[in-house]
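In what follows, chain A forms one complex with chain B and a second complex with chain C.
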Partner chain A sequence: MKVGKIYRKKRKKTFGEIVFICVMLAIPVTHFCLFWVYINIDSIRLSFQSFDMNSGAWRYVGFMNYRTFWQELTKAESVLPKSILNSFSVFLWNDLVIVPISVICAYVLSKKLFFASGFKVIFFLPAIISVTVLTLVFSFMFDSTLGPVPILLDKLGLSSWIPFEGFFASGKTAWGMILFYGLWSGIGYDIVLVTGAITRIPEDIVEAGRIDGLTSIKEFFYITIPMIGSTIGTLLMLGTTVIFSYFLPVRLILGGDNANSVGAGTIALYIVTNVRDAGTVQMPLGAAFGIICAIIGTPIVFICRKLIDRFLPAYEY
Partner chain B sequence: MGNRVKREKSDEIVKWVFFALFVLYAISLLYPFLWCFINSFKTKHEFIRNINGFPEKWTLINWEESLEIRANGITIAQMYLNSAFFTVGCTFLGMFSSSATAYIFSKYDFRGRRAVYTAALVIMMIPTTGSMAAMYRLYNNIGLINTYTGILITAMGGFGSGFLLLFGFYENLSWTYAEAAQIDGAGHFRIYFRIMMPMAIPALTAVGILQAIGHWNDYFTIYMYAPEKVTIAYGIQIINSLEGVNLPKVFAAMMLSIIPVLVVFACFQKVIMNNTSIGGIKG
Partner chain C sequence: MKKLLKLFSVALTVCIFALAVLSVTGCGKNKPSSDIEDLYPGVTFNEKNGEMYKDTKEEKTRIKISYSTGQGNAWIRRMAYDFLIDEEGADYYFVLDGDSELTSAVSSKLEAGVGLSEIYMPLASGWNAYASLGYLENLNDLYSMTVPGESVTVGEKIRGSWTDYGKAVVQGSLDYYIFPWNEHITGIVYNKTMFDTYGWAIPETTDDLLDLCNKIVTDTKGRIAPFVYPGTISGGYWDFLGTNWWAQVAGTERMDEFMKFESAEKSFSYMKETDLSYGKLVMLEEFERIIVKNREKFILKGSGSKTHLTAQLSFAQGQAAMIPTGSWVENESFGDMEDEAAMMPTPVIKNETLKDENGNYIRVNYSGQPDYIFIPSGIKEEGKEGAKKFLAFMCKDEELVRYTNVSGAPRPFDYDIGKCETSAFIQSCINVWKDSTTWFEKSTSKLWTANKCRKFNSNSPYTYLLANPDTATAIGWCANELASVQRSWPQWLEQVGE
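Now for the complex of A and B:
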């Protein structure tokens, strides 16, 4: 979206107008300066500091936190390489699996499918229910002692599929369960979003194509996807941003410590654990890792944005 | 002609295959909640021996007892109050701030306007996970950890998805209304609060409902900055860890936590779904 034209003619502002603009923007601008500008500058500062437990003061330690981070990353049995891999796999899972499936499902759903409106309402439910409740019901369903899914697998003679330690405590299945949770809880919202975009495609364009003998598959690839490019782009971009922020489902389903022990940590989980749970002493390490993420992540996000804008341009209709 | 009939038939088959998949997915979404709901009417002992059936005797004991559970010393009723306070306060402050910012940026020209607008859009994309540490330190230093004020202040930002939606709305709102009011002697504040803002009520309502649901369900902010001001979204997790041995009670508490959201969704389902679709596109 670009800044649009101003309806008012350019002229010298009155005192009243200046006061109005200042008053209206006072809170948002102060908030922005404090919670974005200051906080980010302080993050950089914090990453070069350390907390002295004896004096209770912060002192400058140069690149020590970055060095500690590097040692953490490269030491034997480090959880960080796996956490970084996991975080990137969330991005790939979203952009290469969830979004394409959502687009296909939304296309079919938009073709006057029986009970389509009912499906949309049901599919939307995970978007309004808190992640706490969603993760809890999900873990109950797969609980190895009482969950309906293991009971069903057992009845079907597939009990060998159930890991001895349970789905969430086994290193073989824990991360897969997190990805599966992402699909289960996220795909419905994406389907509703894309269906909304498809219904806004002008009917006459599709009709003209149909007269020219366009098959459903061709309609999907040559009309639907290009016309909803901006919506698909938005969903793909959301996938990019979760690389550095995905941790809540992991923490709620697996628990912070368990997640790392079963190889299901993420970048954000590592930072949150350092900032929130490990105490003040570990905060600078979290900040240092955060700065590294911002340095690596910003170009990734912008390159993705550029690629999306190039291959999925937004059409006005 | 034959090809067309064949094509239509195969389209029909594909539709029914997807219909079956959608039914399965819908069941997978509804069944867990139904399972928890039904099991919340069983006693602890009955649940252990009858996990998947209907209760032999329906009891409300778990629902009654769940009202007395305490998480960090706070009952569910108090969690509801905290959630309601944060939801109303954060939504109101957030909307007020976003609306003011969107109105000024869409209707007034001033130096730096374009730069700030572009910066606001660009910074939304920069990953700022690392800023959690500095934010925590700031809250700690100025005594905002575990305070209502701290959480309300967090929500007062004027930029974000709400800003983008309202910017689009105000941009399309004709300035002639304001001009007519100016001729009648109305000042800038009166034009905004008496004319333009009331006209934006449908857009504000839509954005407000979405933000309110987000605040009601917010786990992260409370977990990070105010774990003592337990809300229902945060408290359910604590209740599960405290009462995990009596799962029917946890199920009852869970159901209690989602009832308000489901009621709001039932009342404003169209508004919520339509605006989420638009929000996705604009974002």
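Now for the complex of A and C:
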């Protein structure tokens, strides 16, 4: 069947409508230009420059900052290889452990258990408490002489589990503690988002399934997960962003230098301690690191997006 | 399935309850000490917006001071008050803006260049780039100003490393851009009550320190550890002992020579007594002999994982007899401490060649990087003039004494600190400060100001030696450092444009 084109005469917008559109677009466009276009162009430009302390001037140095990155990566005592490995493990930990546990917990809590609402609030608490306070509490909990966990382990005759240096200064336990902290503090936020998605699933679909003999486990795998796929996909995608940005808990719990000496550094921690803390002089190096991270990170994000779209497609309902 | 869910629910309740209890019990009861309350008769002070003025603020020049609040607020209010009631301050009024995040925020404020205060007082941090970028006012005239009511200039009153720390090379000219704020006193803080109870003597030398540590372990049957330290802080504060020893062996002049970073070999060679890093090796070997080799006996378990607060809390609770730290510890952690604490002079390395002409050991106070004051260049001229007048006023003898009385910290100026009335703990710190030369890292080398070359390179020797007691040695660490610096030197020079 041949469908003819429909020509509709466009109504001319009034002056008021044009002003309204311009005003509404002004803020996001300005924001985009300032914080995306300008920042990125400036970062690229900066990565080819160096700051001269005596004259206070910027000079063009070609690929020197990129060469410095390579030298830092390949030198004998470099902490970067381990930091890169750790950063990717945070991503895998988030996507393969935290998100699945959050989905299971949210599903269980959606079954109107005793004190379910209370649990949601308790789970969400770490997400709204300042990370500084949270890391302080966490450090106290595992402090070898002040914290209740080591005292409990001692009472249970398991004091050999506590390293002499403490949990945060032993190469065997430090990174594990950071991952555990991620689980403890991050699970609540995910649960709240997933619970919200689960409550939107139409009740009649579940009821129809029940008539056909649907068990709770089958409901979880055949109804809940597919129907909240877009929310899970978002959480998994958020996991990719931590690869190059995860540093604050490491810095606050382990301390910058200590983290690197026990092999618990991350890419972002490296940038923060070596670039940001040193101020203007090291900014070009930071910009070069940022560009390299973007070059590596962009395909990872695209691949993850493709996989998520394929295995967790969004359903309209 | 329902049974399973119920079981899960109960298990979850128990877990969360346990976690909540553990979290709560984990938090010690540590209240910060309150600021010193003060009264300001004859001036109007609005605590909410920080405005302080005499009679009226109309037609007067504003001096807005943004300061880090680590020392509290009482001292700056008192200084401002004294200035206002003096005839020097007749044409000015103050806005006092305490900001705990100032040190990290100051860079953005200067870059933005709007709404600038007349005076900034951040904590220790890199400032040379601010001078290079033209953000800081040249303070040569402040250093040459006569202190009000006295016959000396401000610059002549400054002592120790601060005499030239405030200088930076900008456009080929070496000028003053920052001004001294306060000085830290560091060393070993000990539990005086415990020392008195057991009859432990203050160690004079490092050999005495080793004997003391053994005695503490024996007398308390291992219940009390000789030391606790904050392992998550860079270097675990051991540098407050280490650099004291290094400076004692090398002397402050050779330390300054080391900090010139003229070549990798010149600064980091360590084998001969004439080498500039020889003192570093001696110091690390001493640290290795006393602390590293006895770490399981002399150090409180878990110290490596402690923050400065948890380490200080362990000390305050009597779990350890000594802690390497600084004079600020009283404000931070001694609020609820029942025992009395004091600072001891850092035990010296026993060696006749390290004595001065009077036969006394050379004592150094390593203060760490200092807090500082600056005036931004992008403010009005009358504001700059007022700020300089106020900073010169703060250098008067009676104001310096008052500053120490209120804040508990000395300033790096020549004044009669014996007149100060402070707590017994601060007095013990001041005694250490009085009897020693204060030294901290300073250099005009581009490698230093560009953060390429440091006092210790690659990693902290203290943490490294403590983490690898069986494999790492002091001499091995120095060899690694020299090799690493030699490898990096050409790249560093290229990066700083030399």
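Quick note on the criterion: the second predicted complex is superposed on the first by the 297 of 317 C-alpha atoms of A that agree within 3 Å, B and C clash if a C-alpha of one lies under 4 Å from a C-alpha of the other, contacts with A are read in each partner's own complex, and residues count from 1 in each chain.
The working rule: a residue touches a chain if its C-beta (ideal position, glycine included) is under 8 Å from a C-beta of that chain, and two chains touch if they have at least 3 such contacts.
Keep in mind that what you see is a predicted model, and the values were worked out from it rather than measured.
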{"item": "Fit or clash - chain C, chain B, common chain A", "value": "clash"}
{"item": "First, second, both or neither for A:Asn40, with chain B first and chain C second", "value": "first"}
{"item": "Chain A residues touched by each partner, larger count belonging to chain B or chain C", "value": "B"}
{"item": "Touching partner for A:Ala294 - first (chain B), second (chain C), both, neither", "value": "first"}
{"item": "Which of chain B and chain C A:Ile205 touches, first, second, both or neither", "value": "neither"}
{"item": "Touching partner for A:Leu146 - first (chain B), second (chain C), both, neither", "value": "both"}
{"item": "Partner chain(s) touched by A:Val192 [first = chain B, second = chain C, both, neither]", "value": "first"}
{"item": "Partner chain in contact with A:Lys75 - chain B first, chain C second, else both or neither", "value": "second"}
{"item": "First, second, both or neither for A:Leu92, with chain B first and chain C second", "value": "neither"}
{"item": "Contacts of A:Leu307 with chain B and chain C, given as first, second, both or neither", "value": "neither"}
{"item": "Partner chain in contact with A:Val121 - chain B first, chain C second, else both or neither", "value": "first"}
{"item": "Clashing chain B stretch [against chain C; choices 8-16, 152-160, 170-178 or 260-268]", "value": "8-16"}
{"item": "Chain A positions touched by chain B in one structure and by chain C in the second", "value": "108, 111, 113-115, 119, 122, 136-137, 140-141, 146, 148, 215-216, 280"}
{"item": "Of all residues in chain B, those that touch chain A in their complex", "value": "7, 11, 14-15, 18-19, 21-22, 25-26, 28-33, 35-36, 51-52, 97-98, 100-101, 103-110, 113-114, 117-118, 120-121, 123, 125-138, 140, 153-154, 156-159, 164, 167-168, 171, 174-175, 187-189, 192, 213, 216-220, 223-224, 233-234, 236-237, 240, 247, 250, 254, 257-258, 261-262, 264-265, 269, 272-274, 276-278, 280-283"}
{"item": "Chain A-touching residues of chain C, taken from the complex the two chains share", "value": "1, 5-6, 8-9, 12-13, 16, 20-23, 25-28, 107, 125-126, 128-129, 132-134, 169-172, 231-235, 295-296, 300-307, 309-310, 313-314, 317, 319, 446, 449-451, 458-460, 463-464, 466-467, 480, 484, 487-488, 491, 494-497"}
{"item": "Interfacial residue positions of chain A with respect to chain C in the complex", "value": "50-56, 59, 64, 68, 71, 75-77, 108, 111, 113-116, 119, 122, 136-137, 139-150, 152, 162, 164-171, 215-217, 253-258, 260-262, 278-282"}
{"item": "Chain A to chain B touching residues, read off their complex", "value": "1, 3-4, 6-8, 10, 13, 16-17, 20-21, 23-25, 27-29, 31-32, 35-36, 38-40, 42-43, 45-47, 105, 108-109, 111, 113-115, 118-133, 136-138, 140-141, 146, 148, 151, 184, 187-189, 192-193, 195-197, 215-216, 230-231, 234-235, 237, 241, 243-245, 248, 252, 267-268, 271-272, 274-276, 280, 283-284, 286-294, 297-298, 301-302, 305"}
